[in-house]
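You will see two complexes here that share chain A, one where it goes with chain B and one where it goes with chain C.
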Partner chain A sequence: MATKIINKTVTEFSLRITRCFFVPSKAIQTNAALFQERSETSITNVAEQLLPTIRPPLPIIYSRKLAFPPKFKAVRQAWVSNMDTVEEEKLGLIDLHPEVFAERPRVDIIHENVRWQQLYRHVSYANTKVKYEVRGGGRKPRPQKGSGRSRHGSIRSPIWRGGGIVHGPRSPTPYFYMLSFNARLNGLRSTLSAKLAQDDLHIVDSLDIPTDDPSYLEKLVEERGWGPAVLFVDDNDIMPLNITAASDVHGHYNLMPVYGLNVHSMLKHHTLVLTLAAVERIEERLLFHLNRNDAAEAGRKYKLDSL
Partner chain B sequence: MAGVGNRVLAGTDRALDLLRELPRLSLSNIRSNPKAFKRNKRGRGQHGGKKHGAGNKGSGQRQNFMRLGYETGNNPFYLRVPKEPYYKGHHIRREYPPISLMQLQTLIDTGRLDTSKPIDLTALCNTKLFQLSPFENQYGFQLTDEGLDNFKGRINIEVQYAPEQVIAAIEKNGGVITTAFYDAPSLIAMRDPMKFFASGTPIPKRQMPPENAVEYYTDPKNRGYLADPDLVALERFKLAQKYGYELPDLKKDPELLPMMLERKDPRQIFFGLNPGWLVNLKDKKIFEPEDEQLLEYYRS
Partner chain C sequence: MVSTLGMALRYRPLTGVSSKVSKANALFNPEWTTVRFRYHADKVAKGPVPRRHGYEEKLFQGGLLPRTAFPDRALPIPTYKPKNSWNEKRALFGQNDYIDILGPSNEISQKPLHPTQLLYHVPPWLRGVQGNEYQVLLRRRKFVQKKGYALGHPTKWATLNTRIKKLYRYLNHKTKSPFWKDA
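The block that comes next holds the complex of A and B.
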C-alpha cells in the first residue's frame, strides 16, 4: 500500500520536473532511492503479458565525458529515460555540451534554414507562352499606312489581348540555392537549444520497446506528456523491429537517423527524442565542425567557382 | 528554473529562459529579420516607369550611345593624359604572403608544426591556417621579423624569402633556413598534396627561378637553395659575428643532424619523392618511369 502511494508521487513528480540546468547532487540520490524501492516491487502499467522490467540499481547512466570542454558556458544536464515501460523511469542524468544544446536560439537563422529546406528542391512548372510561342501572329495584321488605325506587326505581341506574356513564369524554374555551411550548422544548434529550453527534448537509452503494438507507443507518449508528434532519432539508420512496426501505423511518430536530422523536421514534430548514441554522434559532429581550423573545406562541396 | 542562487542571467541564458515562457517554436511562428529578403520591385511604371531613366529623344533614349571615353571630338582624357608607370608589370610581380616569427613560434608551441621534421611550404599549408593562391601571383611565404626577440624554436625551415635579421634569429637558435623557389604548378601540387596525388598526374619537376630571381636564390647571404653550400656556411659564420651570437655547432646533436641537413634537390618538390613518380594513394603504391627519355628529362 505504502509503495503504491510512492509510485504515484514519483510518476507525477517525474513528469512535472522540467529540465533542471543545475541539479544539486542531493536530489539525484533521493530520486535514485525512490526508484530503487519502486523497481523491486513494481508491475508496469502495460498489459500483464509483458514481463516486469528488472533493472540494476539506479542511476545506471550518471556521467558523460564532453569533448572540447566548455569554457564560457555552463554545462546543461538532462535526464535519461527508458522506453521499455509506458511510465517514465529515469535511468540517470547526463551532461550536454552547451555549445550544441545551449546556443542562443536565433529564430532568424531557424527561419533561413526552414526556407532553404523548402525552397532548394522546389521546381516551378508554371509556364506562359512568349509571343513567338503563341499560335499565330506571323503575318502583319494590316498595312503600315492607310487604314487610319494603329500600326502593328503581329497579333500576338504583348500589347495585344491573347498575345504573348513578356516576363511570365518559364517552366521549369529551379529555386536551388545552398545556404552557407555556418548558417546550416547554427540552425541545428539553435533548434536543438530551443527544443531543450522548451522541454521538448528527451533522451532515452535506446529505442527498444517490448512490443510492436502501435497502442504501446500511443500510451507511452500520452502518459509522458510528449507532444502529439514525436521524432525519434537514433545513430543507426536500421531501427529496432518493434518500434518500426509500432510507429509505421502512425504518421506522427517518425524514426530518423542522425544524418537525417534537420531543422524543419525538428520544428514540425512537437517532441524530439534522442537516444544516447544519437546525442554522442550529434555532439561529436557539431563540435568537430565548430572547432575545425579548415572551415573553408566544409563549404567547398557546393561552391560553384572553386579554385 | 529561474536563477538558482545568485546566478546572473545574461545574453544567451536570458534568451533561453524567455523561450520557456513563450509558445512552442514551430513552423508557423518563425520569421526572418526585417530586410533580410528584398521584395522584387517589378511594378509597371511604378518605380522608374514612363521613360525608364532614358530621357527624351537623342542617342540616350534611342540607346545609340557614343563609345566610352569619347568627348564629342576633342582630344579625350584617356589619350590626352600620359600613362604613369606605377602599375607597370604589376600582374607579373610575385607576391609572398608573410608569416611572422611570432606566428611561427606559436605554431611550434601549440604543436601545429612538427619541429622534428623539416618545415617547408607543404607543412605550413597543412596547418590550414595560411592560404596560398598561386593564381593570384603568390609564390610562397616570406618570414617577417615580428617576434624576433622571443623566437626560440630550433627548426629546419624552407621559405621563399627571409630578411637578414630573421635568418640570424633562426640560426642563433641552432636552426637551418633555406630560401627556395617554386614555380606555379609545383606550388599547386605542394599546397594540397592529397588533392594533387588524387589527380593522378606524375610529380612535375620544379622549374628554375625566373631571371630576376636567379641573383637572389644563388646568393649565399640569402641562404639561397642554388648557392654554394660552402659559401653558405661561411655566411652563417659571418652573420653570427655581425649580430654577436655564438653560432651553435650542429654536429653536437648527432640525432638531429640528418634532419637539419635535409635539403631538397633543386628539381624536387616533395621530400622523399622524385619528379616523374606517380603516387597512388588508394592502393598505396608509387610508380616510377622506366622509359629512357623520360628518365633523362626528369633527371635534367
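The block that comes next holds the complex of A and C.
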C-alpha cells in the first residue's frame, strides 16, 4: 500500500506544483485555524443543518520533518483525512518514520506483549484451607490402640472427607512479571507497523466532529469502511465534546490518549485512527527511546519497592 | 451348511440312570458313538450372533423416552446472557500499560510513571510482587503487623505465622534448594 501512495503522489505533484505550498510541522496547529471559519455554529446539537466546510484548495500537503532521519529504510507515507464530513476528504499526505511504522511485525513479540498485559495484573484469590485451618480437628478421634479400627490423629487430616487440602491454591497468588523494556517497545512498533500494513491505520487532522449525534459517527465509519470497532487516539486526554458524546453510546468506539495506547487495545479494535498530534507524539516518544544514550538505565529489570 | 444327520440319531442321556453299570455304559459303549449335531453355521444363519456377552449398553437403544410431570413447560435452565465484550472494562483493557514508554519520561513538570504504580485493583502490598507463597506471606506479615493486625484478627494472625513456619520447614528440610540445579 505504501509504495502505491508514493507513485501516485509523484505524478500529482508534477501537475499541481503551482497550487501546493510547503507547510513546516510546527505550523500544523495554525493551519487548523483556517478551517474554523464556521467555528461557533459547528458545536451545536443541530443534526440536520451541517454547514458546508470551507477549506483552502486541496491537496494541502503537510510536510513533516522526521526526527532522527532514517538512513537505510524508505520513508512511508499516509493520507490525512478529515472528520468534518461523512465522506472522506483527503486533506494531504504526510511522512511516517519507518522505524516506528514500518518495522517488520514480529508476531511472537506481539503475542508476548498481549500475554503480559493479560497476566501481569492478575491475582488469583482462589483459596483452600490446610488441615490446621479447617474448623475442628484438634482432638484425637479414638485411642491409638484397642478399637480395631485404623489409627488417626485428627478428623481434618487430608485423607479424611472434609479435611484440609495439601497442595491446593493459596490466596492471593500473584502472576505479576515485567516484560523487558525493549520487548514492550518492539511490541508497540510491530503492532503499529502491522496496522499500517493491513490498512487498519488512518490519520485524521483532529477529532472535531460537527454534531454529537451518534448516528453521524456510525455513518462515517460505515462510509469509509473502517472496521466495526474503532479506536481514536489523540495527544490530549481531554477530548472534544461532540465525539465524546457520540462515542459514549457505543462501546466499540473508544477514545484514548497517546499514553494509554497499548498492544491489546490496538488488536482488539479493528481500526486505529490517529490524529496528527498523536502521530507526532508517538513518533517522538518511540524514537526517543530507540535513540537515547542511557538505554541501559531504562531497560533495567524492575525492582520491587524501587519506585 | 445345514446338517440333518444329527436329527436321525438318538442319543442316550447321561443323567437319570440309577445303576453304576448303566452309567459306565453311558460313557463308553461300542454300539453307539457321539456325533456333532449342532453347528455354529446354523446359529449364524438364523440371525446375528450376540457379541460381548455380559456387556450392558448405557446408550439409549430405543423405547419410550423419559417424560416430566409437567408436559407443557420446558425443563428449568438458566437464561443465557452473552457477555458484553464492549463494556467499559473490557473495551479499555490494557490502557496505560505502556505509560513508562509513551508517557512523560524526562519532563520536569511531570514525573515518569511505571505500570506497577497504576495497579489500583491489586492490594497495595501486592503491587509488583512476584514470588511463591512463602515470599508473599512474609511480605504480608511485614505490612500487616504494623497496623495492629494481631489485635484485630488474632486467628488469622496465628494462621499466618503457622503457615510461614510450616512453609519454612517444608521448603528448607523437605525440598531441594533452587540453587541445586546450578551445582
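Rule of thumb we're sticking to: the second predicted complex is superposed on the first by the 245 of 307 C-alpha atoms of A that agree within 3 Å, B and C clash if a C-alpha of one lies under 4 Å from a C-alpha of the other, contacts with A are read in each partner's own complex, and residues count from 1 in each chain.
Everything below uses one rule, namely that contacts are C-beta pairs under 8 Å (C-beta built on N, C-alpha and C of every residue); 3 or more make two chains touch, one makes a residue touch a chain.
Quantities reported herein were computed from a predicted structural model and do not represent experimental measurements.
S.K.: On the A-aligned overlay, A:264 touches which partner chain: chain B = first, chain C = second, or both, or neither?
M.R.: Touch partners of A:264: chain B and chain C.
S.K.: With both complexes superposed on chain A, which partner does A:133 reach: first (chain B), second (chain C), both or neither?
M.R.: Second partner only.
S.K.: Would you check which partner chain A:229 touches, where first means chain B only, second means chain C only, and both and neither mean what they say?
M.R.: A:229: touches chain C, not chain B.
S.K.: Between chain B (first) and chain C (second), which does A:293 come into contact with in this model arrangement: first, second, both, or neither?
M.R.: Only chain B is touched by A:293; chain C is not.
S.K.: A:123 contacts which: chain B (first), chain C (second), both, neither?
M.R.: After superposing on A, A:123 lies in contact with chain C but is clear of chain B.
S.K.: Overlap of the chain B and chain C footprints on chain A, residue-wise?
M.R.: Shared contact residues on chain A (touching chain B in one complex, chain C in the other): 264, 268, 307.
S.K.: Which residues, counting only chain B, touch chain A once they are in their complex?
M.R.: My answer: residues 1, 4, 7, 11-13, 15-17, 19-20, 22, 24-27, 30-33, 36, 42, 127-129, 131, 133, 135.
S.K.: Quick check: in the complex, which residue numbers of chain A touch chain B?
M.R.: Checking each residue of chain A against chain B gives 18-22, 73-74, 102-105, 107-108, 110-112, 114-115, 167, 191, 193-195, 197-200, 227, 264, 267-268, 270, 293-294, 296-297, 307.
S.K.: Can you list the chain C residues touching chain A in their complex?
M.R.: 84-88, 91-105, 114-117, 119, 121-123, 126, 128-131, 133, 136, 159, 162-163, 166
S.K.: Tell me, which parts of chain A touch chain C in their complex?
M.R.: Interface residues on chain A, with respect to chain C: 117-118, 120-121, 123, 130, 132-133, 170, 172-174, 176-178, 181, 184-185, 188, 229, 250-252, 254, 256, 258-265, 268, 281-282, 285-286, 288-289, 298, 302, 304-305, 307.
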